[in-house]
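Each chain carries a letter (A, B and C) given by its place in the written order, and its residues are counted from 1.
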Amino acid sequence: MPGWLYRRLGDRLFSALVVGLALGVVLAALAIVWVLYQGGREALHTFGFLGFLTGSRWDAVRGEFGAWPPLLGTLLTSAAALFLAFFPALSAALFVVEFAPRALKGAVAYLIDLLAALPSVVYGLWGIFVLVPLVRERVELPLFTWAAAHAPGLLAFLGPPTGIGMLSAILVLALMIVPYASALARDALALVPQSQREAMYALGATRWEVIRRVVIPYARAGIFSGVVLALARALGETMAVTMLIGNSVNLPYTLFGPAATMASLIANEFTEAEDDLHLSALIAVGFVLLLIALATNLVAAWVLRRMSLGEGRK
Amino acid sequence: MEGRYRMETQRLSVYYGKHHGVRGVSLPVHDRKITALIGPSGCGKTTFLRALNRMHDLNPIVRVEGRVLLDGEDVYAPEVDPVVVRRRVGMVFQRPTPFPTMSIFENVVAGLRLVGVRDRKRLMEAAERALRMAALWDEVKDRLHQPAVGLSGGQQQRLSIARALAVEPEVLLMDEPTSALDPISTQAIEDLLATLKDEVTIVIVTHNMQQAARVSDYTAFFLDGELVEFDRTEKIFTNPKDPRTEAYITGRFG
Amino acid sequence: MNLRRRYLRDRVMQGLVYLGTLAVLLPLFFILYYVFVQGIGALDLAFFTRPPAPPGEGGGGMLPAIVGSLVVDLIALALAAVFGVAAGVLLAEYPDHPLNPFLHLVSDVMAGLPAILMGLVAFVLVVKPMGHFSGLSGAVALALIMVPIITRATEGVLKLIPWEITEAGLALGLPRWRVILSLVLPAARGGILTGLMLALARGAGEAAPLLFTAFGNPFLTLNPLEPMDTLPLKLYVYAISPYEDWHRQAWGAALLLAAAIMVANYLARRATRS
């Protein structure tokens, strides 16, 4: 083979191969959007996009599908889990960067990263056999017996004291998203220049004042992106939630009762869906979940860019 | 006889782990004068400076021995709070350190906010006073509420000075405050020093001997962590006692 | 505000930070403890060598799920590696290529998508045309999860390779493709390996996208065109079952999975260092 052929043809072939495969990645991403839209079209068509979103009845037998209960379930559990997770996550990040003695830093950071790597089903398993009994015996039963004795009117709102339900799902979800929020916050805090801290100390600040007024504001973009990553994680988290939330497609009416999220609904019903409309409705739920996840990502990117511009870092 | 000077160190030593960075330095700091610390890099002058307001407390591997007297009281005495010391002994660093999430105004009053000053009028007065002292007022008075990072490097450094002055410290420590600046900004800060010393005692570390000669009243020459010579500036630069000082100021080493 | 109050606040906040950290670490210890204590008893010889026993009978093991996990995860990794590494090479070595802005966006966004959606996509694209569930469709779903991880890791490490290496190769008269294949990629081997291990660790723990793709299969099979079991799938099915012995085996599967993922993460860290 002559030299120029080897060069020209080789370079051509190689770059064509690389570009082709990379194009495959882009196409795969587009395929995700297209497939979910196409798959859900029948249901979206039947009920209308808004009708599908706001319909509060999900009844496979009658062929009536409204995504509002799982949509609400997803939003409620994710928001509650994020609320619970935020301060512990930030605390753990602050602990590692600002407080821990050097010997402890690495160990704590490693443990938290480990928490992120544990599979969802393992959390679910632990939830079923450790957390659910705990919630039932220590929270729900006492509440239930108290209500039975003193306020029977409340019983209807408490739901059955089984331990299975939104509360358990939220607790495990919070635990699962902590490491995501924490790891990014930690990276951002560690990037705050020591000179910033020293400048505040030199004004006569206590350690907390330095953290509160200089370190956290400086790292806010990273902290925020950790929160969004955690939120995205919570929105789509499937297995642990499916195992704990009780999977009821009725509108959630109590923190202790069963509910469903979009992801848990898909996981729970997909293999049992017999007719096309049911299947399509489930894929449509997936499409809505996709839209929410995309929106979360885009909002995050936008705010992140604005925040870093505001800081004017070089 | 203690309390003759605004500040004074007695056999001050600083250890970085095993490394003996400052070796038994005894140095007076005269009230409302500018004391310059000079010497080749690595001679311990910055380490010495940071011992004066207990900045070394922040680094667990650093150990300080000896005494640092502020108005006759040892700032390392067990009952003394480093937060109080740093409030009385302010510091300006090599590179400007504006707080990027704060406006110019908020940067200047950051120290006052710490002690709970909330009164808008008082904060504004203090900010104006400090910015005027730092010769920055005229340049920023129309954009006090814009981000501090929009300022030029020289302006940022004067902002750092204003921020340090706003809490009305008795002593201001400056660690090579012009080394990251262009000549015009350097000039502005040197001019500023001359007017500041009426109100505040200044200790300045500089690697620039001309600067020390121009701005300071007293000069201390450091070498390998030791204080080689301390005297009035004109004496050091015209008639040094120690041959090593002479070698350094005539540019024969370092 | 006087100094004592400021210090009080300092102390209180420090206490809260410690408390918050404890609130993270304690449950983690709790989880690891349970997984270990409950799981270690389940890991007997039968667990590794026997197919599952019929429901409620007791005994039996996880052999099909272990083999299935290996087959599905490795096919997924192979698929994802080809596309992911190529995309990373394009991003790092052909920085001006018009596809790159899209590729950046896509790999960022894909990494943030819920894993279960990948299962839906693989169901529509693979299971439906084939007419039945299969290990292969599960591998496709997992590959979609793995690709952005590998792409980012590859791009990251390739950008760290000094330009001099490329220049030196080109100066020797080597064509561009030889330089990338024989000089740049080998130099970046550690980092790419890290990306692959991280992707594997992530994919190996997923059950959601496999529910309606790999589906599960109580019989041992090596054929990826048939339905296959994997450890996370089996763990899920056993965990929600009413049988005590299956619960025991679920803990065993949890321990095995956790251990495997820890090892993969450890290898990933080590590959970066070397």
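Just so it is clear, a residue touches a chain if its C-beta (ideal position, glycine included) is under 8 Å from a C-beta of that chain, and two chains touch if they have at least 3 such contacts.
Remember, it's a predicted structure, so these values are computed and weren't measured experimentally.
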Most distant chain from chain B by Cα centroid: C
Chain ID, smallest distance between chain and overall C-alpha centroids: A
Geometric centre distance via CA averages, chain B-chain A, whole Å: 49
Whole-Å gap between the CA centroids of chain A and chain C: 17
Geometric centre distance via CA averages, chain C-chain B, whole Å: 53
Where chain C touches two or more other chains, by residue: 6
Junction residues of chain A - those touching two or more other chains: 206, 209
Multi-chain contact residues (two or more partners), chain B: 83-84, 114-115
Residues on chain B engaged by chain A in the complex (per definition of touch): 53, 55, 58, 60, 83-84, 86-87, 90-91, 93, 95, 97, 99-102, 110-111, 113-115, 147, 149-150, 160, 163-164, 167
For the chain A and chain B complex, residues of the former touching the latter: 101-102, 195-206, 209, 213-214, 217-218, 220, 310-313
Complex contacts: residues of chain C adjacent to chain A: 6-7, 9-10, 13-14, 16-21, 23-25, 27-28, 30-32, 34-35, 38, 82-84, 86-87, 89-91, 93-94, 97, 99, 102-103, 106-110, 112-118, 120-121, 123-125, 144, 147, 151, 175-178, 180-181, 201-202, 204-208, 211-212, 215, 232, 235-236, 239-240, 247, 250-251, 254, 257-258, 261-262, 265
Chain C - residues contacting chain B, complex: 1, 3, 6
Parts of chain A lying in touch with chain C, wherever the complex brings them together: 6-7, 10-11, 13-15, 17-26, 28-29, 31-32, 35-36, 38-39, 87-92, 94-95, 98-99, 108, 111-115, 117-126, 128-130, 175, 178-179, 182, 206-209, 211-212, 229, 232, 235-239, 242-243, 263, 266-267, 270-271, 282-283, 286, 289-290, 293-294, 296-297, 301
